[in-house]
Amino acid sequence: MASKFYAIVIGAGTGTGTAAARRFAQAYPVVLMARSRASYQDAVDGINASGGTAVGVDADAADPASLKAAFARVRDELLPGHRLAAAVYNVGANFKRAPFLEAKVEDFDSSVAGNARGLFLFAQQTIPLLLESANAASPPHPPTLLITGATASMRGAANCAGFAAGMTARRALGQSLAREFGPRGVHVAHAVIDGVIDIPRTKGYNVNEGVEGGKLDPDAIAESYWHLHTQPRSAFTQELDLRPYVEKF
Amino acid sequence: MASKFYAIVIGAGTGTGTAAARRFAQAYPVVLMARSRASYQDAVDGINASGGTAVGVDADAADPASLKAAFARVRDELLPGHRLAAAVYNVGANFKRAPFLEAKVEDFDSSVAGNARGLFLFAQQTIPLLLESANAASPPHPPTLLITGATASMRGAANCAGFAAGMTARRALGQSLAREFGPRGVHVAHAVIDGVIDIPRTKGYNVNEGVEGGKLDPDAIAESYWHLHTQPRSAFTQELDLRPYVEKF
Amino acid sequence: MASKFYAIVIGAGTGTGTAAARRFAQAYPVVLMARSRASYQDAVDGINASGGTAVGVDADAADPASLKAAFARVRDELLPGHRLAAAVYNVGANFKRAPFLEAKVEDFDSSVAGNARGLFLFAQQTIPLLLESANAASPPHPPTLLITGATASMRGAANCAGFAAGMTARRALGQSLAREFGPRGVHVAHAVIDGVIDIPRTKGYNVNEGVEGGKLDPDAIAESYWHLHTQPRSAFTQELDLRPYVEKF
Amino acid sequence: MASKFYAIVIGAGTGTGTAAARRFAQAYPVVLMARSRASYQDAVDGINASGGTAVGVDADAADPASLKAAFARVRDELLPGHRLAAAVYNVGANFKRAPFLEAKVEDFDSSVAGNARGLFLFAQQTIPLLLESANAASPPHPPTLLITGATASMRGAANCAGFAAGMTARRALGQSLAREFGPRGVHVAHAVIDGVIDIPRTKGYNVNEGVEGGKLDPDAIAESYWHLHTQPRSAFTQELDLRPYVEKF
């Protein structure tokens, strides 16, 4: 009997997280993780209502105990006997611009916690599961860990020190994991989201406002995540950028 | 009446070029260009035999007159009334390792000619056509210029000065074009092919030899090219890398 | 009367830190900071014995209270009335290679603490002092914050996830600070030390062993730090690499 | 008897070239090369008038025969018996912004010729001489090839395709040479000049105009070139950037 596979998205309550969950739900049952039910429940209901299978689990990526408990619940209660096909790390510790001398070390700490430490912990939970899947009889696609990045993953900008610190650390973690686990069949890829994502919260943002397609459609991001997941192991992408056509870069 | 669209691949006689032509032929008539009929005829015949539509045209990318004549033939004789949906620059000036003091300036010249100057000329032919398509009623996907790159597009290695010079120049051309024509609706993307491509000519290469998936499957590359082409303009990728899972990087 | 200027090196107990202190002591009184007196005392004594002026102060860069107390001591007791000419962040949270699945989150935490959070805190202490110096009548050279980086500042490698996370974050902090405070006259520069440093502790390292000049001479690093400090504001370097001539890169 | 050493600057007629020649003339006789005497004669006279030793030679870097003749003249007539200590490639093929569709392939060709092909040829002349010096009894500093780069060496910008192609190729050549000849004792370094140079020709440029230090002082660039030359082989820099403190980057 063929193995049953599933996908996990953590940071599932955002535009990109929800879209990724919806996209992967076309192929797998999906687990949506976020710190609170309020973040994921609508998306879970939406997927289930449109013929997919979704469950939500409370989890704080930066808290080892919380994360461990969440994965145990998935394994023991929610999707017993399933194997992990894909995991998406989409936690975003809130971006905050501030002059450096007004920034608090707590801003630095929370950026690192959500943007990098959480990925470290999430990878320690998911990599063993992805390795198991890689060794399983017939995973539909190479098991994949996908990481959402940002412009700040590439360099530090003025008034943005803490955020860039967390995001560059996150990217470096992804590179380390790709180099260590790629040869063992696990695909680790990082997407540099360079622009404003088109979600209700960003309606007011004065960036490419009023230009059709001037903000990133989360479903388009999710489609590229799905493509990354389907790449055969002879041609893995480690990193791609995604930005609106009108974005300066 | 809806416009009719087509795709062009130059450097069509290689593994990647042929695979890209086959992939795009699932959606469009394709034009295969190479310096000699011997390079493209089998691929043209194969596509036509399997239900696609393909034509071949002799063209030397680095020679303005040759290229101009080839595009005129496409426009006037082969696919009159069609619009350009996608163009793939896949010309590869032969990679040759040599100690720098034994290299000839002719090696430098031929690398630049095929790897960069040809792209400059090809873009001057195709960008106006892609802009027209972007402004046409309903292109199926944003008009796209795809550029095949290599490890040497990213940096210069020892014994590889001329090749890296041509390939980094090629990448820079792609970045310039993306920044200039992205905002006008033309998608310009560069793929860094980091590894040996699995084609008859590389059978003897002692790189990941005997490892299944240790060389890049050209069809997998082509599938990522197709994905790039289908990205909506709210989420364009300018660059991605592609490498076998076992490749060191 | 001309202002009196001084320099601070934190992480002063290592090869690079000691060498930087010695070099800057040719021009300024220097403060050597490290977590324990044992780390800096010999260097302090050496500088004082050879005609320079040095003081040592216990400080833990990753601990805000410790750092704040150390800077208060410098200001109030050790060098009252002096202005800060240059600050060197040379704290190195110990590099440890380990397979990712054997790594502890504590390794990640300690890398981030020493390699990045400490810089955040050190910069919050030193940037205000450097801005004051920039506005002072006549600083001998543009006030400078120098940051010691490593190969892992540039990318994540296999078995090296936590270290690379901390070091890339450190580099990003430096870039953010350079972009924010450069225009206000403070020079922030990052040196990528790519190779093994030639100190007693690395004698056994099997890297370029026995090759003269195959490891980085700390005094040579210090000389480049001094050069960075002396650059006029019309030509600031933000980043340079330093490696032994035989190092592969 | 100790060897006598000299330095060469090609592209000697510009702000940076002249300043480099003056700086190296404090230590060595210098040869200034440019396409015409008008470009270098004032600088040659200035150096000789202030106690240095300078000679000028007509040479077109992109023309193999011209370059070969120039080096033969230096060896046989001008500085017989001398060894090469440092060579500076400072040729700048004129930067020209133009919409890509209005650019001519001749612009691409002339950028590549001056910015990259010339370096290829210059390196084929100078590397053998620098290797000889590296093996000589006691070169004062590791023999050095210095390459002037620009912002466009790092990436392609809109309206700047040809220039970026030539400059990225130039940088890649430098990287290849550094990796091949560093281990043999020749130091190859590339300086990314990111900003407008403060020379009479740029007086009108509306970039940081009126800001003191807002343009790069050529003498400051030259001082960093001299520092690169003096680095011992245990700590070579391959690349540094140089920009005015107020420059956005």
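In this document, chain identifiers A, B, C and D correspond to the written order of the chains, with residue numbering beginning at 1 in each.
Rule of thumb we're sticking to: contacts are C-beta pairs under 8 Å (C-beta built on N, C-alpha and C of every residue); 3 or more make two chains touch, one makes a residue touch a chain.
Just so it is clear, the model here is predicted, and its values are computed rather than measured.
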* Structure fact -> Top of the farthest list for chain B, CA-centroid basis, is C
* Is it true that over half of the residue numbers where chain C touches chain D are used by both copies, so same, or is it different? -> same
* To do: Could you please state the distance in Å, as a whole number, between where the Cα atoms of chain B are centred and where those of chain C are centred?
  => 46
* Centroid spacing, where centroids are CA-atom means, of chain C and chain D in whole angstrom -> 31
* **chain B and chain D, separation of their C-alpha mean positions in angstrom** => 35
* Touching two or more other chains - residues of chain D -> 179
* To do: Sort out which chains touch which and give me every pair.
  => A-B, A-C, B-D, C-D
* Asked: Taking the complex as given, what residues does chain B use to touch chain A?
  -> 142, 179, 182-183, 185, 187, 198, 213-217, 220-221, 223-224, 227, 230-249
* Asked: chain B touches which residues of chain D in the complex?
  -> 64, 99-101, 103, 105, 108-109, 112, 116-117, 120-121, 123-124, 127-128, 152, 155-162, 164-177, 179-181
